[in-house]
Amino acid sequence: MSNATVTKQDCIENCQECRTTLNDMLTATCLAEGGDHVDPSHVKLMLDCAAACNACVDFMSRNSDFHSLYCRACAEICQACADSCLKIGGMETCVECCRRCHESCSAMAS
Amino acid sequence: MSNATVTKQDCIENCQECRTTLNDMLTATCLAEGGDHVDPSHVKLMLDCAAACNACVDFMSRNSDFHSLYCRACAEICQACADSCLKIGGMETCVECCRRCHESCSAMAS
Amino acid sequence: MSNATVTKQDCIENCQECRTTLNDMLTATCLAEGGDHVDPSHVKLMLDCAAACNACVDFMSRNSDFHSLYCRACAEICQACADSCLKIGGMETCVECCRRCHESCSAMAS
Amino acid sequence: MSNATVTKQDCIENCQECRTTLNDMLTATCLAEGGDHVDPSHVKLMLDCAAACNACVDFMSRNSDFHSLYCRACAEICQACADSCLKIGGMETCVECCRRCHESCSAMAS
């Protein structure tokens, strides 16, 4: 994805996908697997990232003048969550949607 | 859409579309138009409906045992919001997404 | 607390306290303790209950005509969360705030 | 309030009060009054500020490592909302809670 072509609609969709994927993976995979999957910092990142994506969708869809603050925060948290999911392993779906969301939020924040 | 074929993923997508469409229409159309578009009960319904859709996505994506409570509430509020948008006029996009969301939430709640 | 004297402001405050207490206990206690504290159904209830309280505050503070739907759902989920916290043990603070929130939401829903 | 003495709990309470006061004033006062009270940029700021306060409570109560991003954003939006409420007039309650929230969020963000 080239930043030049990221639209707000793309970013909203990436944030929506990331939020619901993380919510699903957290409850259906991480909690069920246990072990590293329920490491406090990993679970907190999953929760932070889902919340960050949600706030970002909210501000973008309300055509807020402040959406870039929430896109920038979301980009940072998505990166950290992608890293955590990669380290835990078995969470490729999360890694991918976090990276996609990081990219589009970075573009929307600039 | 036949209720028999509504999946949770369909319902999540309809709720997401409804939430972002209402947020966009409220801020970009209703507030700009004024008049009937900012009638207190209409604006409150737009806000209620966007919030109901958001809660519904949240409970469904977290695989919550309580999602049907939020789908049922969302179905009721979507119906009221569709009626209000139809009465105000010029809000066909909202009427359609509220009706679609009402249908899928009704199916998921049963 | 007699239902007759529960005001919306009381209920909002109980929901706010319940939401923030659960968020804090989940991240600072349950995830740190592990074991039964990260049992999937327990963690899901903690997340459901915090989200239910938040939606309830939102609808009540917006003077929504639909707030009783969210108070009723919140009352049900608070009861389930109080039971889960009692069973896990060492979560008296959560048990108490969930019960208080259950009572005031039940009163507001009726 | 001296920044040195602002605790997370103070900030959470100020954000909670600001969110519910804005939600109430928007629906019970601004929409009822009409005129300048439903000016698009004013209503959008009221919605942005309530959402910013809510996100801030969420990240602080989850003991998130990223709470300062949301406190900083909230501080900025509270300032803008206080200015808008002051300009519109008749919204002293909002001006006061936005300023209090701005101060505690600024302290928590630094």
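Here the chain labels run A, B, C and D in written order, and each chain numbers its own residues starting at 1.
The definition used in the following text is that a contact is a pair of C-beta atoms (placed from the backbone, for glycine too) under 8 Å apart; a residue touches a chain by one contact, two chains touch by 3 or more.
If you want to know which protein each chain is, UniProt gives these names: A, B, C, D = Cysteine-rich protein YhjQ.
What you see is a predicted model, and the numbers here were worked out from it, not measured in a lab.
Novice: I want to compare two interfaces, A-C and A-D. Which one has more contacting C-beta pairs?
Specialist: A-D
Novice: Please compute the C-alpha centroid of chain A (Cysteine-rich protein YhjQ), do the same for chain D (Cysteine-rich protein YhjQ), then give the distance between them in whole Å.
Specialist: 25
Novice: CA centre of chain A (Cysteine-rich protein YhjQ) versus CA centre of chain C (Cysteine-rich protein YhjQ): separation in Å?
Specialist: 26
Novice: Two or more other chains in contact with one residue: find those residues in chain D (Cysteine-rich protein YhjQ).
Specialist: Those would be 27, 44, 47, 58, 62-64.
Novice: Among line, ring, star, complete and other, which best matches the way these chains touch?
Specialist: The chain contacts form a complete graph, every chain touching every other.
Novice: Which residues, counting only chain B (Cysteine-rich protein YhjQ), touch chain A (Cysteine-rich protein YhjQ) once they are in their complex?
Specialist: Residues of chain B (Cysteine-rich protein YhjQ) touching chain A (Cysteine-rich protein YhjQ): 12, 16, 19-20, 23-24, 26-28, 54, 57-58, 61-64.
Novice: Where on chain D (Cysteine-rich protein YhjQ) is chain B (Cysteine-rich protein YhjQ) touching in the complex?
Specialist: 27, 31-32, 34, 38, 40, 43-44, 47
Novice: Where on chain A (Cysteine-rich protein YhjQ) does chain D (Cysteine-rich protein YhjQ) make contact in their complex?
Specialist: Residues 44, 47-48, 51-52, 55, 58-59, 62-66, 69-70, 72-73, 76-77, 80 of chain A (Cysteine-rich protein YhjQ) touch chain D (Cysteine-rich protein YhjQ) in their complex.
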